[in-house]
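Below you will find the structure I want to go over with you.
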Amino acid sequence: MTQVYPDAKGRYGDFGGKYVPETLMAPLQELERALDDAMDDQHFIDELHQVLTEYAGRPTALTFADKVTEQLGGAKVYLKREDLNHTGAHKLNNAIGQALLAKRMGKKNIIAETGAGQHGVASATVAAKFGLSCKVFMGEEDIKRQELNVFRMKLLGAEVVPVSSGNGTLKDATNEAIRYWVANCEDHFYLIGSVVGPHPYPRMVRNFQRVVGDESKVQFAAAEPSLPTRIYACVGGGSNAIGMFYPYLEDDVELIGVEAAGKGIDTSEHAATLSRGSRGVIHGSLTYLMQDENGQITEPYSISAGLDYPGIGPEHAYLFDSKRVRYEAVTDEEALESLKLLTETEGIIPAIETAHALAQAFKEAKHLTSDDTILINLSGRGDKDMATLMNHFQEEV
Amino acid sequence: MTQVYPDAKGRYGDFGGKYVPETLMAPLQELERALDDAMDDQHFIDELHQVLTEYAGRPTALTFADKVTEQLGGAKVYLKREDLNHTGAHKLNNAIGQALLAKRMGKKNIIAETGAGQHGVASATVAAKFGLSCKVFMGEEDIKRQELNVFRMKLLGAEVVPVSSGNGTLKDATNEAIRYWVANCEDHFYLIGSVVGPHPYPRMVRNFQRVVGDESKVQFAAAEPSLPTRIYACVGGGSNAIGMFYPYLEDDVELIGVEAAGKGIDTSEHAATLSRGSRGVIHGSLTYLMQDENGQITEPYSISAGLDYPGIGPEHAYLFDSKRVRYEAVTDEEALESLKLLTETEGIIPAIETAHALAQAFKEAKHLTSDDTILINLSGRGDKDMATLMNHFQEEV
Amino acid sequence: MLTQTSFQGKLTKTQNLFIPFLVAGDPTPDITVQLAQKLQTAGADVLELGVPYSDPIADGPTIQRAAKRALESGMSLTKAIELVPKLRENGVDIPIVIFTYYNPVLQLGHDYFFELLEKNGVEGVLIPDLPYEESSEVRELALNYDIEYISFVAPTSEARIQQIAEQARGFLYCVSTLGVTGERHEIAPEVLYFIDKVKAYSQAPVAVGFGISTNEHVRLIQQHADGVIIGSKIIRLIEEELDSLLTAEAREQALERFYVQVSDLVK
Amino acid sequence: MLTQTSFQGKLTKTQNLFIPFLVAGDPTPDITVQLAQKLQTAGADVLELGVPYSDPIADGPTIQRAAKRALESGMSLTKAIELVPKLRENGVDIPIVIFTYYNPVLQLGHDYFFELLEKNGVEGVLIPDLPYEESSEVRELALNYDIEYISFVAPTSEARIQQIAEQARGFLYCVSTLGVTGERHEIAPEVLYFIDKVKAYSQAPVAVGFGISTNEHVRLIQQHADGVIIGSKIIRLIEEELDSLLTAEAREQALERFYVQVSDLVK
């Protein structure tokens, strides 16, 4: 299966492709060639590995969550600790990979889109480390909501470009980043933050994120006699999930992607792209997305900024249709409850994105036995979410 | 030398000892016995190692800071990445060690003091992980200044006890924690956050923090043919510094501890205990401290809450007097400038505490040659300092 | 050497083409019809009728604003297509090309989309985010329905210029500069060189778009290409008259001023 | 079986001792003198004169507040010792014990400290954060200067009780409960058991402190121990009269009320 897709046109079954203005076709081909060339070059692979190890702090730990396990009374719960990655989430793995590639391609400038600012911070970080200029496109609404991350990017030397088009959120920031790239593709590298966008982005980002799953496989084998019964990851664009799932696709392991149900998938306020969306094209790729009957893309909602995206990576669309991965949706409330549970029992404050995966995993773990093991991708830490959490929990704690 | 101190009375040369109310003598002896017993027990050592590895994410990376090195044009700069430790600083190493010891001693409740909240968060974290109740004493002024960390502790399930005595800062919180401990020593474990306090605390905390230096020695040997020329660490109470320095004390390596000079050591607003303080007793230990001519302890000042302490660990007092370690002081301004430099060149936002070590190291690295290597203990990440940094840099960035 | 007649034979000219762009429904469907009449009177050879879209990645701020206004007036792909018979009723008989992003097309379904186009008498279609490699099914359907599928070439197209140009139908949309739609100050010499290169391969008339905003641009481009596509500049002219256009009593005069400005632009 | 006379022979009683505690300079040095007079009249056998300190880790909130007031009035270790001759001048002739944390002593230097004590006629010293193991030098100096170095025992002292008690001088300060200074509601039976145990070893009178705040406490304790040390309760009585004490016209009456309250406490 791992060999089957994407095909030469960047297709995962029906999904993927390159739905971009003509101007970008050449840069995408150039990128694809450079990527293939780099991934064949042991020197590049070694450099990537070295940066991941010596700079980002990989491998991240695999933690047996003994207290949660005890509390749930079902399957043994393991956590893959991407929260311990430099800058606090899996996002950096991909940013490092793409930045090294940009450098190799001789591009001195990177551009990136960001919603909550996590990918923006990761991009600004690698730009600083590798001596690249960095422009981060960010919706004006998001800039207001994520003051701290905006400041962090600036401190790292990046320029944050406010985007007022549309609703001034992630989708619009992405549109604007693409527009800027169209105009400046000759010397700019567009560093996309998830397994979305036109081919070869979904493949490239997956390959830079699979280190999560690959490491976990080795670590899990050292801890348990067999593979995990189930693996959980939250799904926004889908990069942490595919990074975790990919190395297990051909194994006898149940894989569960967890979307944001916001205020409920039966309301209009959610971001459950697979559970409630339909096929369409967004940001250069054919996939599932949230749209109205006229094919206008609609604004999603989730308490978690990183899941608040109307599309999803095309590989997930494929894995959904082919039923290799099960996708579930978890509400704001359920996520926050699980966040609190993990915090109180394990002393780990996860990102609200991550808490969606936790919620589904905890629900299911109860009904499994102590012979079962589950692995959750702890995609990031909750430090960035403190303002939101304070709003929500202030009275309770 | 490593065998010479502390002696049986907890003395490092003249320094250290147990200057505590009679009530605490027995609990301190109990602690000392339990500690010695635990450190002799391979089972305890293995458990400690396992938690550090699988939960905290150790070993933390050793990063070659190529861009800073290039920019400074002198010695090669290496960073020991305690910022990648769970909860973002070296503090957790010690909290894990003490919490495991508390559990082993059958104490179900821990108490801790905190200034900025870093040790409070570390304590609340281990309390959650090991199922202990946790009370964190914190000055009322600090509670106002560190709203976010207060919330974090509460979310982790800890009780934050406001301390209004004195100036309502760290020193007073420590006094209050000691008072509470005096009253509740039978079933409470006092989890001190640095190499301060009465014997055996300074020794215990050093032994739980030496993992930093021990790891770095192995990692450095893999990266360079010889030991570092100089090693730098910031000094508040002195735990990250002693953790880093201790394994090198008998080696031919220059060790530099960096205190907070605040607005300048010739003003009244600084926290440069060794550079400007005198001998005295604080929090149970004979050491250097900041006091007036009547022996009343004075309030220190530093932009960095973690260095804003009027005393220092007794082992540092000894290493200062014996000249084995050189101590320097760095102002707020110098620290912030180095914080910015590291952020922009390496994509790592350090804690303001850490930035003091950076400032001194960067100053000196310029005058060394490319045959020299320096190692800086990157004691923590700057996420906790964003509000302070925003205030300071908002116009600049 | 352009011999191909196209747009169901309705485009007989193959030089000095003037192809203006309107967003259907900007600011209202009725006004779009009136603006189209003026453009035809001012010499338009083909009308590019844009369908407003929530996420127009190939468009600059001017056309984004127009799309926003049009979406607020309730426009959709279906309604835009159904506006064509209205245009005909009102005397607009030049070939009409529907400009739409791919996602709304996908929601209608390819077949239904072409049925709609045919039923409503649309002569061409142009999808900016459906590059050559992704468009074979749509191009085939277009051939079957005898509707021109307009292709793009860009300065970065390089090796693909020939492939695309040789299969071009209707006209070949030559993106004059990198970037999204919007007015530009200067036309760089490389642009003219690029146009010449494209012309050498193209069977269809080569029309140049993106950034043409002055009469000088038009004259210069017409010396090298077969036509000009003018989008953002036209939208800007509409924006200048927006209040008047939306006021019943002032509209006639605003349309007249629009007509004069457009005529000056392409004179 | 207590035979030792102490405090340079000035303490001849070895039972039913009443040892009140004042913070020197709370709220002013002059008022401290007046309060001491009243305490002597109310039957005090020894006066414990506290030196205010910035970081009093063995004290509860009441004594912390007193220390704060005293520091604000400019009090220091030297000034507290120099207050003793003033007390003598005003007729306070019971033994006086200086209660001070160790750090101010260290700043003066051990020798100079004892010289000062001697010169000013202080009979005893008590350092709450200088436990037995850290105090050998100070104890030796105290012996040389014939000044009583008062030791503490606490419920947690266990094996050390005997060692400390056997070397006790002046009186042995028996910390009745865990915790810092402050009033308590009840005296637990374990406390009495603990006192009995201490008494069995001690050469010096055993005085019990920490938490004694009612006449019932005093009576109960006196049945087991040789004396009571009353600190926080005395400070509370001062606090109740604080405003009056600080007003020249009201002071005399306030002192009188203070006297009555103290007398009731130890009657």
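A, B, C and D label the chains in the order they appear, each numbered from 1.
Just so it is clear, contacts are C-beta pairs under 8 Å (C-beta built on N, C-alpha and C of every residue); 3 or more make two chains touch, one makes a residue touch a chain.
Note that the structure is predicted; figures quoted are calculated from it, not measured.
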item: Intersection of the contact lists for chain A and chain B; value: none
item: Neighbouring chains common to chain A and chain D, by label; value: B
item: Approximate Å spacing (C-alpha centroids) for the pair chain B, chain C; value: 67
item: Whole-Å gap between the CA centroids of chain A and chain C; value: 38
item: Chain C and chain D, separation of their C-alpha mean positions in angstrom; value: 98
item: Overlap residues in chain A, where contacts from two or more other chains coincide; value: none
item: Touching two or more other chains - residue numbers and ranges from chain D; value: none
item: Touch-based graph of the chains, sorted into line, ring, star, complete or other; value: line
item: All touching chain pairs, where touch follows the definition stated at the start; value: A-B, A-C, B-D
item: Residue ranges of chain B touching chain A (in the complex, touch as defined); value: 53-57, 60-64, 67, 81, 83-84, 86, 88, 124-129, 131, 147-148, 151-152, 154-157, 340, 343-349, 383, 386, 389-390, 393-394, 397
item: Footprint of chain D on chain B - complex, ascending; value: 9, 17-27, 165-166, 171-172, 175, 178-179, 182-186, 278-284, 286, 289, 291, 293-298
item: Residues of chain D touching chain B in the complex; value: 53-61, 64, 71, 76-78, 101-108, 128-134, 151-158, 160, 164, 175, 178-180
